[in-house]
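In the two assemblies presented below, chain A is common to both, partnered first by chain B and then by chain C.
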Partner chain A sequence: MTPTPDAIEYELRRYLLAEFLPGESPANLRDDTPLRTGGILDSVATLKVVSFVEQSFGIEVEAHEAGVEHFDRIVDIAALVRRKRGR
Partner chain B sequence: MDLEFSDEQRGWHDAAVDFARHHLCNDVIAADRDEAFDRAAWKAAAEFGVLAMPVPKAMGGLGLPITDVIAVMEGLGYGAKDQGLLFSINAHLWTNTMPLVQWGTPDQRERWLPGLLDGSKVGANGASEPDSGSDVFAMRTRARRDGDHYVLDGTKMFVTNAPVADVIVAYATIDPKLGAMGVTGFIVDAHAKGVTISKRIEKLGLRTSPMAEVVFDGVRVPVIDRLGREGRGVGVFESSMEWERGCILANCLGVMRRQLERCLDHARQRRQFGQSIGKFQSVANKLVDMRLRLDTCRPLVYRIGRLKEAGRDCTVEAALAKLHVSDCYVKNGLDAIQVFGGYGYMKEYELERDLRDAVGSTLYSGTSEIQRNLVARGLGL
Partner chain C sequence: MPSTMPSPGAPPSDPRLARCRRDPREFALLIGQLALALLVFWVFRLHELFGDGLWRVNLLSAAGFAVHYWLPLRFKEPWFIALSLSALPWLAGIAAGAWLLGIGLVFFVIGRSALAQRWRVGLTLLVVVPCVIGRARGLPGFPAELWPLVGSVFLFRLPIWLYDRRHMRAPPRLADFLAYCFMLPNWGLLLFPVVDFHTQRKSFLAREQGKVAQEGLLSIARGVLHLAIYVRLYNSDAVAPDPFEITGPLALLACMVRVYLLYLRLSGTFHFVIGLLQLFGYDLPPTHRAWLLSSSLTDFWRRINIYWKDFMVKLVWFPCYFRWRRSGDHRAQIAATALVFVVTWFLHAAQTFFLTGTFLLRETDVAFWSILGLLVMGNLALELRRGSAAPPVGLRRGLGIAGTFTLLTLLWSMWNSQSFDDWFDLLTWWRVG
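Right after this comes the complex of A and B.
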């Protein structure tokens, strides 16, 4: 089933909280919370997120697309997913 | 956790001990002094099947479950004096052969695996660089695309097996600005034009396992020999480290068990002040500590095998095992020397070499500090 736009953000938030912010209040992770520049994700953790995004949303992320421009905030990652899926 | 061997594992383990006693104990004091790689023992190990054990049968391997492989490795560690050769075998298996098994294309496996499994080719791994050790993904070695090839330029440091290697699984960045996302894996023919074994590196321990610096100077690697996708070398590298962290430690278990048995025999037979030295509490305590360390290490190592067999991620568990076993390995090596007193300090008794071989375990496959970082990350810190 194709996730709705909101579901993309929801799935990302759920994954990030479980994987990188265990115990953190969900309210503290907003769609515009800086992940890379805020120190939540280092480069290796970002690669895990990239793999999650590829597997969960059925897209392929190129090496040059995994930088801060597309992977610093949930809203940026979701936008990349939508663009890759042609929506 | 049930740590009793199954009948099959017992068979493999005992065969490994017997093999190691006959083939991996050849004048190791001299080999250690001369840093000599035992090519005949390497070939014998391949004929015994060590190099094919974890590889699926469909790819020409023996397809052993990973806990069986760990049992074999424990047996080899117990029976072998030449721990350097075992270290070379581990590097070959976990950082060269298994990445090919896990990430290689059918064509890559067909071209590269047969020689790696039958021992006619020696594998190495090029990740660390002069300025990027623990911070391995800050590597400077570049891979520039040129038609249907990549051109590799850079220097790799601490490459185990390099002086005898035929195949190097190497990592290079397609663009340093991409950070870890630029790191890409390659299968490099070690005899290709532009590959130079530039400087042999002398070590404290594991001296029969040759190590060198490798320079890539305009090395042309066909695109068909890229290992995994562009920018996904970190995944290839991390998976190889997980294998290595788990399985290389099994050799250490064997050594620790052999040391304990030797020390117990010595403590019972050696008499001072009218009684066996084992009757002195200060000596007995060391033996108790050695036993305790061994008993706490084994479950951690075999847990990795069970998790891997279940297809589960074991990044944290492998790091915990690496951290604890390496620490205990060094401590048991020191205690063994102390139990033997002055004799333990002499080369003839071959305990000082065990200690020198053990020290590297706190450094290779990620230092103890890096293992703590991995565990801390797994705890969400």
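Right after this comes the complex of A and C.
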């Protein structure tokens, strides 16, 4: 089933909270919270998010897309997913 | 890749317009804090660590910020570029400054061309070759002070820019290139943090200008604190372990800890530089995160010189991992990590070559990067096998910090020794003394 636009952000937030921010209030993880530059995700953790995104949304992420440009905020990751799914 | 510099006719919907709110009270508070930080800088005579250039950069940055704060959005980044370029001949010399700008423009023209990426890289290397020869032997007609500047500005930033260039959807803009490569604080500090092109572009006024500047002042204060501690600890920048001064195990320990804390100079410098850039609206992330509190070697690698780690992740680790991941996820990560440390060693040696004229090929240096790389790889393998365990807390974290500190202190003393013989002499002080 194709996730609705908001569902992408919802799924990402749920995954990030469970995997990297256990116990954190969901209100503290906004769509524009810096994940990479804010120290929440390191490079290894980013690869886990890449795997999650690839498996959950059926896209393939390339090396240059795994950087801060697309993986620093939920809103950036969701935009990447939408762009790649729209191709 | 979107450009961050607004055109003169920037659409009124640009969210950064609202972030340029000007408030005389906020401005007075910011300027007051900046003056206080610079006063402390002066009282501790921190500029003497770097020569007069940095002090002049400080004064220019303070004056530049006072103007920048009040400028409308469309003039803010052009003002930073104009200030940086006009300060270049004053701080680097007219001939060196002109040549540096000229070489930069050649790099830009090559990078902007519609050629395939491999041709852009090839032509860039053709320009790099005479620069290497110039640094090694000198080139007639070129000032000697040009080559360290070339290394400081382009050695790391040019590969990043070329990498990002490959994936840009529109041709790169000269203004973006100038704002990235020709940053004012660089003229006072040759050992400069490896700022990422995309991060710098994206960070420009990512928050309200007052908040970004306030973050910058915090970073400047952090930098001043690190440098002040460094100066108090050493009172000079020429500290090397001397086995003849060691009189007992406690003295050995103190000497080794002092050598490890030498790094405060670098962390302080980088915090300070990033703080200066934040005054001009670049909302850059911190360069270090409490590196003395690292609880494991992978934790250390993630906390110390974060810009370098991100540079390696972007240009080496991710590309290798994505190429190799089909042969196994964990194996690809560990192999990519090994390559990161080889490249890190080589680029540090190349940086030393451009800054000092000598390619660093010392047994203790090679051993340091090899051992650190192997330990980080081992640590990573353990983390991957354990899965996403929660970070250690309480006693476990305390033991982790103590163990990591001890190990790094030992490694650092080796790294700073001229040879293994010198290091063994230090460790066996009773034999030498």
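By our rule, the second predicted complex is superposed on the first by the 86 of 87 C-alpha atoms of A that agree within 3 Å, B and C clash if a C-alpha of one lies under 4 Å from a C-alpha of the other, contacts with A are read in each partner's own complex, and residues count from 1 in each chain.
To be clear about the criterion, contacts are C-beta pairs under 8 Å (C-beta built on N, C-alpha and C of every residue); 3 or more make two chains touch, one makes a residue touch a chain.
Since we're looking at a predicted model, the values are computed, not measured.
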item	value
Fit-or-clash call for chain B and chain C when the two complexes are aligned on chain A	clash
Contacts of A:79 with chain B and chain C, given as first, second, both or neither	neither
Touched partner set for A:59, first chain B, second chain C, both or neither	neither
First (chain B), second (chain C), both or neither touched by A:22	both
A:69 touches, of chain B and chain C: first, second, both or neither?	second
Chain B versus chain C as contact partner of A:38, first or second or both or neither	second
Per-residue contact with chain A, leading partner among chain C and chain B	C
Partner chain(s) touched by A:47 [first = chain B, second = chain C, both, neither]	both
Chain B/chain C common contact set on chain A	20, 22, 43-44, 47, 51, 62-64, 66-67
Parts of chain C lying in touch with chain A, wherever the complex brings them together	1, 163, 166-167, 196, 198-199, 202, 285, 289, 298, 302, 309-310, 313-314, 317-319, 321-323, 329, 333, 380, 383-384, 388, 390
Chain A - residues contacting chain B, complex	20-23, 43-47, 50-51, 62-64, 66-67
Touch list for chain B against partner chain A, complex	137, 174-175, 177-182, 184, 230-232, 234-235, 238, 377, 380
In the complex, chain A residues that touch chain C	19-20, 22, 34, 37-39, 42-44, 47-48, 51, 61-64, 66-69
